[in-house]
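In the two assemblies presented below, chain A is common to both, partnered first by chain B and then by chain C.
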Partner chain A sequence: MGKYGCIFGKAFKMQAVYRVSMYLGILKSLIAFFIQVSLWYALVGAGADNSVSFSDMTVYLVLNSAILTLTQANVAADIEASVIDGSVSMHIIRPVSFKFYTLATVLGQNAFRFLTGAVPVLLPGIFLAWNGFTFPSPVYLALFLASTLIGMLIMFELTYVVGLLAFWIQRCWFLKWYLDAGMAFFGGTVVPLWFYPQGLQAVSRFLPFRYILFEPVNLFLHKVSVQEGAVSLAAGGIWLVLLVWLERSVWLLALDKMTVNGG
Partner chain B sequence: MSFIEVEDLCKTYFIAQRSVGVWGSIKSLFRRTYREKKAVSDISFRVERGEAVGYIGPNGAGKSTTIKMLSGVLVPTSGTVHVGGVVPYKERKENAQHIGVVFGQRSQLYWDLPVSDTFELYEKLYDIPREVYMRNRDYYTELFQMEDFIDQPVRQLSLGQKMKANIAIALLHDPEVLYLDEPTIGLDVMSKKVLRESIRRINQEKGMTIILTTHDMDDIEAVCSRLILIDQGRKLFDGTLSRFKEEHHRDNMIKLEFKREMPEWKEQDGLSLAEAADSCWRIRVKREAAPRDAVITLLNLYNPDNIYMEEPKIEEIVESIFVGQ
Partner chain C sequence: MRGGITMKKILELYRVFLRLNVQKAMVYRGTYIAGVVGQWLGYGVTFASLYIMLSRFEVLAGWNRYEVLVLYGLSVLSYALSATVFFVPTQDLAMKVRTGELDQILSKPVHPFLYEIMQGFCPNYLSHISLAVAVLVFAFAKLHYKPDMVSMLYLALMLTGGLLIQSAVFIAGSSVGFFTVQDNPVMDMVYTLKGFVNYPITIFPRALQFFLTFMLPFAFINFYPAAMLLQKEIPAGYPAVLPYLPPVVGIFVFVLSIRLWNWGLSHYQGTGS
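The block that comes next holds the complex of A and B.
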């Protein structure tokens, strides 16, 4: 196990320290899932659009909560806190890359959230979606997995770049709010983009958000052709490259600019 | 070439000027003026391998800023730093492998996990060979008397225990130099004693170079043989502890204790009454006068029940330097 594996493991272990909060978290995920399922059961039943079935919607909700737990990274708040109290210096005196340290920590935390937030809804989800559900073909499954991985990394890079801004503006938690809003509106985490008007759908193609969660789900459900899937995978990849480039430039500037607060 | 070489080191911060009052703070939202503050100004020094150097000065003198440039956290505004041939801020990771850093006001430990978890993390972070790790873990656990709490979550530990653990993990990878930035801050007398003793042993047994900043002069006396004194970013003194005491040797103090009624003080050449309390006098002996003669004179004149010599503490010397400026 390498150093980042160890960081991953410790981050996971730390989440597991508080047992009551873990049980309450599981309960919260189940309640949230059943509220959403009931809501969409009513909406899909009442709607005139027949292209989306209740089974599709349930799969969407399960994957939604799964990928959300995997991409839930409040890196910005963590970096902000460590810049404000100066503890960021502790990371710089260790022989690790700050970025990969942060990534390993986030993945460790998210792996735990996945277990407590997504796995519990899997069973009721499968039960509810059983009628009318077909498992994706190998090609689609491969595309789904690749785009999920890219989506996770896009989300990490987005929050990481925003977090690095703390070196200049100190307080940046509110920028995370913009990211969350972008995710909810253009990423289709609240209402899937299937139900969006053409105009908004077009706008969403030029933003990174839909490639994080919506496109992977589309592939899982065979809602797009393989070509379309490949295009969105490539678009996600381009976003990722852009963000990595941006993040590197910002980081180099940040190191130069860094002052360490407090004693 | 010395192990640590610092040449003409400068660090300047820009501090936003706050205006007074509500209107001022609204104005500063649109236009802000900055003031330059030189935290470190043209400091040069060399440290050889195996030295234990005390780096002292009042709050805001630039001690921590210097340590942060030595450890590679901050980029100097001008001047150069070399530690073991490496420029710390340029080769952060390479530098990190060879140094141990403890900032007294920060913890490197996982708050919710036992100390032993952070130990394991450091084994991986620094790629410490298994046998080195095991040897050092046992050595430092014993040295810092950590057997009782190594498996307790950090949040349940006392400040002194956390500090011991922080210093121990900074040493697991056998660094060549240890930077300690106020390691005894806020600790009780016993913990301070264990820490000083341990740091001194590490310096002597392992030959590790140590740079120690502190406000507590007893730390310096217990650990260091050399002292660098700075104030307002400038170096005021650099030399051995004994030379420091000699050069800045102030007056000696003699304390007389009376168990009977106090006699009447008579002025003498070279002696002056500094303090008269209930049953004792503190008498200042001018640095030119021989303490031995002063003692004999005082004994003959007043016949006290007890007589004590007080050696000047570095703390008082430092204080008198700053007051004299």
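The block that comes next holds the complex of A and C.
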């Protein structure tokens, strides 16, 4: 664990080098949060839909930014760069697993983003959500934590598999657009899936995106029964297993591809 | 030396560079197309989310779903048109200062700003432009909007104004790179601030409406034009002339931003790399 801890720490510190960027980053998250809060305040306040309260929406926004910052780092861009300049071969001969090296780096970057992007909105978030907020019961809290963990791992596996495609197509800056689009639309990060038409909600159940963020929030807010929560937890778990399997296969193929390229 | 170049020559040069840039993009044709589709998806999802959200809630501060699509569509369209010309020249300025690439540009026989613009044409915004136009046509059709000559002319003028404001943001934001070197955190900040005008500004507190109108005039990019076209209320007590001002505001901030850029350049010393 020691070496990965070290990689984690380095990635974290590298983010903190640009101090001005850091402070502006905090300000940015506060502004973005404020915009979203104003938007949902106007929408929920108008009263065309009473199924969700402003307090629920605020919790949703806070958890949204917390989980998004924890899963945000662009693995594809890192892998792309190291495939193009060849430094990936150096990574492979090192006595560290490429996957866990990437994971540690990503976690380091994300931990920093979490501190500057999500922690600052926590206080105003609690203040705004206070009226009408009930803390989740222990069962729900446990389910929430489990599904958040699975969700984060799903997100990492997704970005990692997509990143590995760099071995074949080299230029893959655009892949992130596809992933982000899927996440925004079927993961409910822009508009919660509560407000989607039935058809789209049904489709989203067969895609991995909603299990990353939407289902954890559902559990935190007691929006589903324990059984439903358990089902979505299981669905997330199945996706995770599938993605790990896919990622292993793609990685083996990528190694093969490397050998073909020769040195 | 720099005074000697004629407008005709400049346009000719721009055409040559433009052709080169398009050819360059076409070398990786697959990537180009995949990128266009990806961006289409990315912005398409945002449009669709707005539509879904307002299908459920019906109105946002008095604007229905089609009206909000017009608002956002105007913002994306003016951004994309401006970014086609100004994104590349302004994006990497801080980096060029650090690597010393700017010194090279200073030695060209045209003004460095002009040179940067010439070599920076970016054909990738076709996706945003086509999508925004499609959404605008869809929304106007759904609103049973009957375009006449006057309103078309108005729309064209307003788009020009929005385009100039968007360009001024690029130029002014990038000139910070002359001083910060390497990294320009201001640009990111500006993108966040532009998020305010994705929605009618009347959902925000009065102080912010004032800020977005008179201090950082983003509301002129899309809010005032859309409010005029769709007959929506502007903030209470604000002069009724505001919806006619975007082109004026546009010219003013555009000139100001170029002055800022030149001022930055005059303080440029090189980094010694």
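Here, the second predicted complex is superposed on the first by the 256 of 263 C-alpha atoms of A that agree within 3 Å, B and C clash if a C-alpha of one lies under 4 Å from a C-alpha of the other, contacts with A are read in each partner's own complex, and residues count from 1 in each chain.
As a working rule, contacts are C-beta pairs under 8 Å (C-beta built on N, C-alpha and C of every residue); 3 or more make two chains touch, one makes a residue touch a chain.
Quick caveat, the model's predicted, so the values are computed rather than measured.
For the composite obtained by overlaying on chain A, chain B and chain C can both be accommodated side by side without a clash.
When the shared chain is aligned, no partner comes close enough to touch A:Leu164: not chain B, not chain C. Legend: residue contacts after superposition of the two complexes on their common chain; A:Ser21 is shown touching chain C, with no touch to chain B.
Considering which of chain B and chain C touches more of chain A, the answer is C. Once the two complexes are laid over each other on the shared chain, residue contacts for A:Ile79 go to neither chain B nor chain C. By the touch criterion defined above, A:Ile31 reaches chain C but does not reach chain B. In the superposition on chain A, A:Leu175 makes contact with chain C only, not with chain B. Using the contact criterion defined above for the overlaid structures, shared-chain residue A:Ala46 touches chain C, although it does not reach chain B. When the two complexes are overlaid on their common chain A, residue A:Val190 makes contact with chain C while staying clear of chain B.
The gap separating chain B from chain C at its narrowest, counted between C-alpha atoms of the superposed chains, is 6 angstrom. Taken together, the two complexes place residues 18 of chain A in contact with chain B and also with chain C. Put simply, chain C touches chain A in their complex at residues 28, 30-31, 34-35, 37-39, 41-42, 44-46, 48-49, 52-53, 55-61, 180, 183, 185-186, 188-189, 192-193, 195-196, 198-199, 203-204. Within the complex formed with chain C, the residues of chain A that make contact are 18, 20-21, 24-25, 27-28, 31-32, 35, 38-39, 41-44, 46, 48-49, 169, 171, 173-175, 177-178, 180-181, 184-185, 190-191, 195-197, 200.
Looking at the complex, you find that chain A touches chain B at residues 1-3, 5-7, 10, 13-14, 17-18, 86-87, 89-90, 92-97, 255-256, 258-260, 262-263. Of all the residues in chain B, the ones that touch chain A in their complex are 13, 64, 68, 71-75, 92-94, 96-97, 99, 101, 103, 105-106, 108, 110, 112-113, 117, 120-121, 124-127, 153, 182.
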